[in-house]
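Presented sequentially are two complexes of subunit A, the first with subunit B as partner and the second with subunit C.
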Partner chain A sequence: MKRLVNLSPSRPWALLLGLIPLALVLALYLAGSDARLTENPNDKLLPSLEQMSSALDRMALQPSKRSGEYLFWTDTAASLQRLGLGIGIAAIIGLLIGLLTGALPAVNVALSPLLTVFSLVPPLALLPILFIVFGLDELSKVVLIVIGVAPFIARDLQKHTLEMPREQLVKAQTLGANSMQILFRVLLPQIMPRLIDAVRLSLGTGWLFLIAAEAIAATDGLGYRIFLVRRYLSMDVIIPYVAWITLLAFLLDMALAWLSRRLYPWHHKGAAS
Partner chain B sequence: MIEAQNLWKHYGDHVVLERINLKVREGEFITMVGTSGCGKSTFLKLLLGTEGATRGTLTLDGNPVPDEPGLDRGIVFQQYSVFPHLTVLENVTIARAFEHSPLLGRLFGSAKRQAEDEAREMLASVGLASAEKRYPHELSGGMRQRLAIAQALIRKPRILLLDEPFGALDPGIRADMQELVLSLWRKHKLTVFMVTHDIKEGFYLGTRLWVFDKTRYDPQAPHAYGATITYDLPVGHMDRALYEEIDDRLHPVPA
Partner chain C sequence: MKRLALLLALTLLAPSAFARDSFKVAWSIYVGWMPWGYAADHGIVKKWADKYGIDIEVVQINDYIESINQYTAGAFDACVMTNMDGLTIPAAGGVDSTALIVGDFSNGNDGVVLKGKKNLKSIAGQKVNLVELSVSHYLLARGLDSVGLKESDLTVVNTSDADMVAAYATPDVTAVVTWNPLLSEILSMPDSHKVFDSSQIPGEIIDLLVINTETLAANPKLGKALTGAWYETMALMSGKDKAGIAARTAMGEASGTDLAGYEAQLASTKMFYQAKDAVAFTNSAALKTTMKAVAEFSFDHGLLGEGAPDAGFIGVETPSGIYGNADNVKLRFDPAYMQMAADGKL
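Let's look at the complex of A and B:
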């Protein structure tokens, strides 16, 4: 018998062992739901799969009686637009600040204290200010995501830019490169896969700020819907929505990982030198 | 060509180099040896321009060595010398792109083809003709250093600085690389400064050997005195065959 630390399961076993805990959680939920529903068919806390699928059918496949919209899809579109805009703008700002502060000592000296202070401000505490300044519309929600995520991306990219081997910068200079060329041909391409990594890591935070902003002031969106139907204890809507958000987050993460491997193969194959 | 007068280098209280006086003529091939931390790499940095002298002068053609790296001084480091995000060919053409495209650093059309032809020629001369589409991580350590050398030479520097370029290579590959450097040195009429920790390599390559060492040492304050050049020996360049003959005679391989 090998030591446990040396025992790594083969592929089919790994798959099976990974699925068991998930199946167990599902089975526990179904058993609990069944038990509560036999005791009280009107129980709302642990809806059965049928109840959830009929709720989803109502939200996704039938037009709303009040507005005629397919709520599930308008919520999804509204949330994804806010998240996409917020993360996209944060990525651009983060890239600019991170790259410039990392590459140019003069910019670093000027911006670093501001960046440090800014990244320590809890973004949710700024939400009231954002609502006051930018109104309750889309802008304040997007700005919240930007403020919440951009400092993290900027600091992460700054760190990676500073960690770039000095040898490469010296080499570029001996080949006659000016500062612009070093920025665009040496540093930027090598920082791009790091940007994708940083965006992947910050998507979770992005969702957090999105749902928080939607919960407080919105008229559509996944977060808005969850907090709206909470008033009626509509677990049959909340649980599928949460599952859907999780799936979306998973797909976004996968897509970014694929994009990074596709665009920057040299980054993923252990480019050590 | 290069002259140092009473050159000192300190980092705070830590004296690394002291009282360095030397003259180097164009076309010399200088190897520098010494224990680790003896300042030979620091001297290379002074030549490169990434470090400045604390006292004394280091001049190139009578003018102080510029205080940042430039075109006239090419460099090959032990590692991280090539750009991991560019193919072998791009790693060489990028030098021409830096020259002709000051804003974007990119070449297009005929300028690009011309740079590529030139780069292929250079790659062929270092033995990398068949690898032009590969990325550095797909190359062996020796091939990567060949690429670094091709890249360093494409803009025709007068001086080539080598910082333990073969330190991480296997002995067999190292011998090939030494041959390569020697042939390129003759072909391009370079002045070469090479740091090595392998004294044999120092004796075998080049025309002149410098040994860096401390002449004064205070055990209570080990950093109070720096290293200087203790030996400055002319080295007659030997044929590889002759060298091996002598080496075999000195260290016979048991049958």
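Let's look at the complex of A and C:
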């Protein structure tokens, strides 16, 4: 008799077993929605699929009555721009600090305490300060994401730089490399795929800060819309927006994973075998 | 799993119209609603509930909108809210609701503040920070009407009420619309001018206790107990004697200020201490006109739902007649219980 711990389902079974809980959640939702809608056809709490698709159609495919914009797409563009800028700047700062503190002991000694302290500050608690210093516009939203994400990336890259085999550095030096060459020719290329990994891991945090910032003061954005229509319990808009954010997050993650495999195939060789 | 449990819970919480003997009422902090907290803490609600042989749990919710959403979802039998939110959240959500008690109207408690400018006209072209789709937004729309401007002449920036004061302190925020106590906080900053307030549209921003119509019909005892408790508290807090001062001090402290601060807020609130005044206000034809203006604003901003073909899609019943669609009345102003209080029949 095969032990349960050794029983690993074959691929079609794995797919099926993975889908069952999802289908179950969906079925439960639809049943609940149906029950509420039979009792009160105007119920807004658990909208049916048709209600959600008509809300999505209205938001995405028809110009808004008030501004003539396609709200769904302007929201998406605004949010992605903020997220992209925030994560992009955080990645550059994180890479610089991580690489330099990891590679140069003098810089490490000088910056490490600051980095540690900074990474411990809860960024959401800083929000009121950010608003006062940077105003309520785009800048403070981007800065929030940068502050929230950069310390994590920096510390992650610092750790990986420090973990580089000492032998490599010694070998490069015997071959006559100077500090600059070691930094940019030995360490940087090996750190780049790590940077992409760190960005992938910090995207979730980035979304969190983005939506928090948009909920507080904004004129557009995915988080803005969700918190605005919450005022009149428009779940038919909120649920598709949440699903869309999830899909966007998934696609961004996939794109980064693809980019990493494409640019640094050697990094993935070890993992694949 | 948590979300699933929540969904199930919400599904099961659908309001039941059957006669029951235990009820839940939600309230949130605002000058005109502090009496609920006081009445609950000082046994007034319990006294009246006992008198009618029922059980009433009064729950304070920190987030105003969340309390209305919970009421609409069926987790509470009654909840405090403004006339506009009553129309756009529960009524638009198909929950037939009745304004059991008309507590007060804002008489200067909501205002438009400009930095460095002294008249409302100069708001044109500015960014205006406010809680979008709230009564502040409505007040702004009414103010703009009065000087011949349109909402498209300015940019509305949705700003959370929790961050309004901090936002106003930044240099790039030059215009806000908000309510007390935030309003007085903002006005105390230098070079701030109140250019329009709710005393210029008296009786349009009304604070109510809204109750599920079916629950009320099946349980008139609940309506009687709540109304009784409310007017006992009103009589107590409006007194000039020691007990009145003590009640107002307690309410002020519970809302994060003191006696003087609370009385300043009361000064810009037209409280209906006497049930007969509330009845007269509810019976007046002006209420129907107000609800028309509110419904039109709500319709223009898409608050009545996408299925709404016009502003009168959701009927509002007032003693002076029904505004809008008589076949789809979802919000009712019913002075019957307040009348009982006025007649001393509770």
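In this text, the second predicted complex is superposed on the first by the 270 of 273 C-alpha atoms of A that agree within 3 Å, B and C clash if a C-alpha of one lies under 4 Å from a C-alpha of the other, contacts with A are read in each partner's own complex, and residues count from 1 in each chain.
One rule holds for everything that comes next: contacts are C-beta pairs under 8 Å (C-beta built on N, C-alpha and C of every residue); 3 or more make two chains touch, one makes a residue touch a chain.
In this text the structure is predicted, and so the values were computed from the model without any measurement.
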Exercise. Subunit B versus subunit C on the shared subunit A, clash or fit?
Worked result: fit
Exercise. With both structures placed on chain A, which of the two partners, subunit B or subunit C, ends up touching more residues of subunit A?
Worked result: C
For this session: Check whether A:Phe152 is in contact with subunit B, with subunit C, with both or with neither, and answer first, second, both or neither.
Result: neither
Exercise. Once the shared chain is lined up, is A:Pro265 touching subunit B (first), subunit C (second), both, or neither of them?
Worked result: first
Exercise. Which partner does A:Tyr70 reach: the first (subunit B), the second (subunit C), both, or neither?
Worked result: neither
Exercise. After lining up the shared chain so the two structures overlap, which partner does A:Phe118 touch, if you call subunit B first and subunit C second: first, second, both or neither?
Worked result: neither
Exercise. What is the contact status of A:Gln190 with respect to subunit B (first) and subunit C (second): first, second, both, or neither?
Worked result: first
Problem set entry | First (subunit B), second (subunit C), both or neither touched by A:Val170 | first
Problem set entry | Three-chain overlay, closest Cα atoms of subunit B and subunit C, distance in Å | 43
Exercise. Contact residues on subunit A for subunit C in the complex?
Worked result: 25, 28-29, 32, 35-36, 39-46, 54-55, 58, 65-66, 127-128, 131-132, 135-137, 215-219, 224, 227-228, 230-233
Exercise. What residues of subunit C sit close enough to touch subunit A in their complex?
Worked result: 4, 7-8, 10-11, 14, 65, 69, 72-73, 88-89, 92-95, 129, 132-134, 152, 155-160, 162-163, 166-167, 169-173, 301-303, 305-306, 330
For this session: In the complex, go through subunit B and note every residue touching subunit A.
Result: 48, 50, 68-71, 73-75, 77, 79-85, 94-95, 97-99, 101-106, 135-138, 144, 148, 151-152, 154-155, 157
Problem set entry | Contact footprint of subunit B on subunit A as seen in their complex | 165-168, 170-178, 180-181, 184-186, 189-190, 264-267, 269-273
